[in-house]
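Shown next, in structure tokens, is the structure this report addresses.
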Amino acid sequence: MTLSIEAFNIDPLLLQALQEDISSEDVTTNAIVEKGKLAAVDLICKEDGVLAGIDVFARVFHLMDDKAELQIYFFDGDKIISGQKIATITADSRVLLTAERTALNYLQRMSGIASLTRQLTTMLEGSQTKLLDTRKTTPNMRIFEKYAVKVGGGENHRYNLSDGVMIKDNHINAAGGITQAVRRARAYNSFVRKIEVETETLEMVDEALAAGADIIMLDNMDDETMAAAVKKIGNRALTECSGNVTADRLEAIKKIGVNYVSCGALTHSAKILDFSMKNLRILS
Amino acid sequence: MTLSIEAFNIDPLLLQALQEDISSEDVTTNAIVEKGKLAAVDLICKEDGVLAGIDVFARVFHLMDDKAELQIYFFDGDKIISGQKIATITADSRVLLTAERTALNYLQRMSGIASLTRQLTTMLEGSQTKLLDTRKTTPNMRIFEKYAVKVGGGENHRYNLSDGVMIKDNHINAAGGITQAVRRARAYNSFVRKIEVETETLEMVDEALAAGADIIMLDNMDDETMAAAVKKIGNRALTECSGNVTADRLEAIKKIGVNYVSCGALTHSAKILDFSMKNLRILS
Amino acid sequence: MTLSIEAFNIDPLLLQALQEDISSEDVTTNAIVEKGKLAAVDLICKEDGVLAGIDVFARVFHLMDDKAELQIYFFDGDKIISGQKIATITADSRVLLTAERTALNYLQRMSGIASLTRQLTTMLEGSQTKLLDTRKTTPNMRIFEKYAVKVGGGENHRYNLSDGVMIKDNHINAAGGITQAVRRARAYNSFVRKIEVETETLEMVDEALAAGADIIMLDNMDDETMAAAVKKIGNRALTECSGNVTADRLEAIKKIGVNYVSCGALTHSAKILDFSMKNLRILS
Amino acid sequence: MTLSIEAFNIDPLLLQALQEDISSEDVTTNAIVEKGKLAAVDLICKEDGVLAGIDVFARVFHLMDDKAELQIYFFDGDKIISGQKIATITADSRVLLTAERTALNYLQRMSGIASLTRQLTTMLEGSQTKLLDTRKTTPNMRIFEKYAVKVGGGENHRYNLSDGVMIKDNHINAAGGITQAVRRARAYNSFVRKIEVETETLEMVDEALAAGADIIMLDNMDDETMAAAVKKIGNRALTECSGNVTADRLEAIKKIGVNYVSCGALTHSAKILDFSMKNLRILS
Amino acid sequence: MTLSIEAFNIDPLLLQALQEDISSEDVTTNAIVEKGKLAAVDLICKEDGVLAGIDVFARVFHLMDDKAELQIYFFDGDKIISGQKIATITADSRVLLTAERTALNYLQRMSGIASLTRQLTTMLEGSQTKLLDTRKTTPNMRIFEKYAVKVGGGENHRYNLSDGVMIKDNHINAAGGITQAVRRARAYNSFVRKIEVETETLEMVDEALAAGADIIMLDNMDDETMAAAVKKIGNRALTECSGNVTADRLEAIKKIGVNYVSCGALTHSAKILDFSMKNLRILS
Amino acid sequence: MTLSIEAFNIDPLLLQALQEDISSEDVTTNAIVEKGKLAAVDLICKEDGVLAGIDVFARVFHLMDDKAELQIYFFDGDKIISGQKIATITADSRVLLTAERTALNYLQRMSGIASLTRQLTTMLEGSQTKLLDTRKTTPNMRIFEKYAVKVGGGENHRYNLSDGVMIKDNHINAAGGITQAVRRARAYNSFVRKIEVETETLEMVDEALAAGADIIMLDNMDDETMAAAVKKIGNRALTECSGNVTADRLEAIKKIGVNYVSCGALTHSAKILDFSMKNLRILS
């Protein structure tokens, strides 16, 4: 799997992150290491998990030193095991030390998300239910976090408020009902968009179906209600289960046969996967 | 406690986050809700924890609608309990719906960090050991995450590579020893900075003391070695315990009497604290 | 109709446009007019057409003088006639003179697009065929130009490459066929997206239908082929006619009963609608 | 003719345009085409006209792929004929598909302006009257549009409000007369600037001459008045004819012998020149 | 005299300067002073000179606290005397302390430039020779420094490379002579621009005159040669004396009767004028 | 000595400075010199002093032409003598002419600061007193100016308000005394920071010592008081002499034995060191 995000979209974020960590200069490295010495260092994995973001990690070094070279031994989506050497980076020794933390901060978070996603998608194997992320991402990290979910085997829900229609409880209140809300959404929106409606009861499911929703979210329903909803909907719309979905409940959900289950924790509460850079050696 | 971070430093990040979530327009809200209707909505806490970031949350709404008004019932640092109403936001109804997720994404993450920090600092109560954060923060979130650690009762380590000297293993290798590294760091750096050295053995501690380190990090030492190091150092330097510190180990660490214990998990692996916005009502 | 585009999305563009026109200062106005004199000026329409962008026009003045006030007599979507007074702007006299051209450059272009769109949508009245824009917009003007199309009565196709799937000839070549391309697009994309395929022959239409395309573009087909395609497709997919559509050909197209007809000229070749600012009077 | 605009001035605009069209990723291309495949594609002209912006077109591809290579067969200022192959672009196949529309949007607009300019300058051949552009450009496109006018054989009026003095009707009102306005402008402005005054009557021409204007604009005058003005002015100032100049009227204007005629339509109402990219072939 | 520079042009620079001085937060002020306390402080002049930049100074506080209020007792261009109270600023006490240095850094530099300029223009009084600045300004400070020169009574030469034509020695070499260079410059440039040629000998002056230069720079000429040049040129062109002009030489230059004398030291080597903020008192 | 400032921190400033000097294009150079001609030009020193900023100078050319090559004959920190050739730059001839002033504006200012610093540090030789800079830098030039101070042999005080604690008179007033202020500063700040207190009398020195200040600034004290203070302080804190320090007074100060003496004039009032670019020759 290769990076599907463009340099012109991520470089401004990576440069901003470097500036966040280096507002004037790296006062330790510049004191200790002369400029112009080539060095190599190894990227070591310190926990078992799924790798995600190796190209982002590499890009951080390239932005500081366009002659930086990386030998990469594992790629995004690969299972990695604590202790494995993931890559060797060769660059100006100052750059290796100065860019390290920023590069790792991206890699550890992206790999943490991919690892959690893989864990949950594995639980869904054998079912027709697919795992979705949400918009509950870390601000200014969405492009990386949604990518990491895909690396982990999950699917992306809409990217943001501009590229998908989701009618939620507050919208329904404001519109005065599902029917009205769907009608307005259809009239206003580009024909390329599907329309999703959030429902909490079977009555709402009925109204959403009648209104012609393309996707019906079953929000915080108990298993029984959700099963009834899925049965009622059949092929007339896609179904998405939502609401504090945890690993514990996945088994039940997949039996119900909902098409998608979305999980905010993938991006907002995944633990990182730990990496470190070791064995710096000066080459010249 | 009031927000100690300036609008000119965070506004660019908040606007960028809004643009990340709304690249053209909110295609659902704009379809359904007329512009110019004033509305109110409640911010509800859905888990027990510590509130952090309420001013950031408010600022997101102000950036979209400078007439937005918030009644705030709890403040940063307050313990909050699931179900409590934290604030009421009054603004253009479109703004309430469109800014919701971005505002919550900041609040939930900051409060998650403060809650985890509070949990650990509570465990340290009665000891002289203080809890520190690290530079293992989410890219472009450091200003928020370090603030949240303080709200939770932790202390901040250096902000970034430019405002503190920390000599780590790779620096020591590159310099050819601790003595050399400390000497170079002292010569290069502004006299306002203290110098910290990372050590892994008692021999390294001895060398760091002899070199005149102001702070000695005891990295990945077992309890016995750490106790010996702390005793050896006495008042000659401040001590910091580091290396995959978990709640389980805090009890032992605080008995050893180290001055500081740093914990990357505060910022890189805290679960969010869950909030939602409920009960939107159109006022005009 | 009120502006559906957010200040945080357009302000950076408007400020950039002001800087483009005023790299240091307005050397004429600042020479001649004292700062601090309040003045009023009228916005006059000089051609018949449809107004679009009056809020953008106003925003330019507000960005230079937050005390600027506008009395607006016509709103976006209104038909306006040469000579009519559209608005009166009251602000610092320097601001009125300095911001004039930038504000007019937005207004004249947006109104030109709305006027052309209205002309074509009027021709489609009574049919089921709707008019669409394209991505052939002026760089860094899309948010304004797509909005103007809506004001003129047209509908928006996808906003950009990130929010809609459109499989074109070069994609089909690269994939080795429509079937393969649609399959990959479905597998890769968020379930919120419909998939559109560009076809040039009836064989391609067949293949697109079999592959499950949600929307089929009929590209550069003659009337007869297009009619056959529309008949073949029926309700199995939405249809879009594309390819150098001109006013002359609209009559034929609407008889064929295609769902949508897209027209790049709406945004890339509309003449402006002419306005000027007249009768500046110093008020204080 | 080679590009006279610097990368540091246009790159930020080009990158912004790419981000406008790709807010997260190209969801079609990334689904269908693997990363890392080299491909070539042809740029084909679809209308007769004058080429302008080929270096801008090329720069868009270079910004996405610094290994992109272009073979360019025609250059800015060349007459091109429908069907001709203008260039061949070789780059990563994803880049060819993703950057296509942004690159074309610049090229088609710049070439449209150059083509209209060439048409009008051709009509002025044999006279001493030269064609000028105005500040009626598309926001954030001025650097491209003014360049295109030069490519088409026109001349540029002032670039913006900061680099030329033009005293218009509202300035004259505010100053209380031409004499006063010119005096203030001369006193305030750098000695490197000429001073232009807009006049509508022969009396105003007299006053502008007496005040020492370097350039006199003859605004919306009928042919007879303009001829009288030109005769009266002689060599004492340069003359510029302005006011809804159309092709139809150029013949009359050039006989009058005015030095310059300015035409806003060059930049605000030129139709694009149509191009497309065809024959994508994967090379590796 | 009021500020002739627009907020949209200077705000980005002022915010950048604030971020340069406050990369995370003001760690002293935030420790010591509670947020939300209104306070007042006096701006005191500590040297005799000419005030310039008081509106820029004020703007810095407004950017941090839009409720900041200033009572201003002296204005740009006023002579001020050591010890005088220039203004009283009332704002949030944190803002007063945090913004102080950035605001003063602008004010002291601008006033230093105005003071030196006033000193030199005073020496030129009674002559027809006017004092000019150059492009030898501090990077990213030009808009402030050129304004300060005007406040001090000097005139501005061209603002930058885009708004004035100046043919220098290296241009003449590259063109193969003055005649050729002037011809090319005339052909290429907008008719709103005058053309200046740098000359070092009387022969070059002759050639520049013959080529029709509007302004002739007499570069590094001795008094005798300069006098001969000025006599030779008469009214056929404006004259500018240039080349390490110092106060000592001004007396001689003004007798020669050159129109302008330019002095890089105004902006590159003026000492600052010293100010401080005193007597902070908490008001609430 | 090699440049210790990173491209990602200075490139945005350098590009901004280029845009300040070239808002559309270099209208002289582009008129006269064809694009694509390689040329060389020499950088000549016109005054004796200390070189600083040669890498920044070079970077400006590289940002405009990534094929620019520099042969550099002297390096930062070298003494240079009027007339010496410092470097030869080979690049596109247009780039040499267009980037010249921006590159020189950085170099001349940085070298001026290094030269003044060297002059003062030379006077301090043989003493234990070291020279410090301040935050009285030119806005948006701090990274360059603080670096130049180091090149000249001075030391840097804190970089900005975020990386060092300095308790000044207004802070002391606000806190209600030194003791209170130091206590709050210690409680609030990261343990990596030393705490400096500004004192004006021996009583204040006593209070600062008792409060545990790490650094005591002796502000505007006469020699006798300062000597008493230094004696009183001994090794209990570092001492810094501040307040309109001039070359004349350095001799007395160094005898007193203060650790540091800070001097704002280094960065706010140093004259530039003059350079010019000569002997442009076209190579192809």
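For clarity, chains are labelled A, B, C, D, E and F in written order, and residue numbers in each chain start from 1.
Definition applied: a residue touches a chain if its C-beta (ideal position, glycine included) is under 8 Å from a C-beta of that chain, and two chains touch if they have at least 3 such contacts.
Just so it is clear, the structure is predicted and the values come from calculations on it, not from any experiment.
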Taking all residue numbers at the chain A to chain B contact, is the shared part over half or under half, that is, same or different? same
For chain A, which other chain has the most distant CA centre? E
Identify, among A-F, A-B or C-D, the interface equivalent of D-F, where equivalent means over half of the contact pairs coincide by residue number. A-F
Quick check: more C-beta contact pairs in C-D or B-E? C-D
Whole-Å distance, C-alpha centre of chain C to that of chain F, is 51
Please tell me the distance, in whole Å, between the geometric centres of chain C and chain E computed from their C-alpha atoms. 44
Chain A-chain C separation of Cα centroids, rounded to whole Å: 33
Residue list for chain E, restricted to those that touch at least two other chains: 22-25, 30, 98, 142-143, 159-160, 162-165, 190, 193
Given the complex, residues on chain F that touch chain D span 15, 18-19, 22-25, 30, 34-36, 63-64, 98
Residue set of chain B touching chain E in the complex reads 2-9, 142-143, 146, 159-160, 162-163
Once bound in the complex, which stretches of chain E touch chain D? 132, 155-159, 162-165, 190-194, 196, 215, 238, 259-260
Note which residues of chain A are touching chain B in the complex, please. 13-14, 16-17, 20-33, 39, 41, 93, 96-98, 101-102, 104-106, 108-109, 112, 135-143, 160-168, 170-171, 173-175, 181, 184-185, 187-190, 193, 244, 265, 268-269, 271-272, 274, 277, 280-282
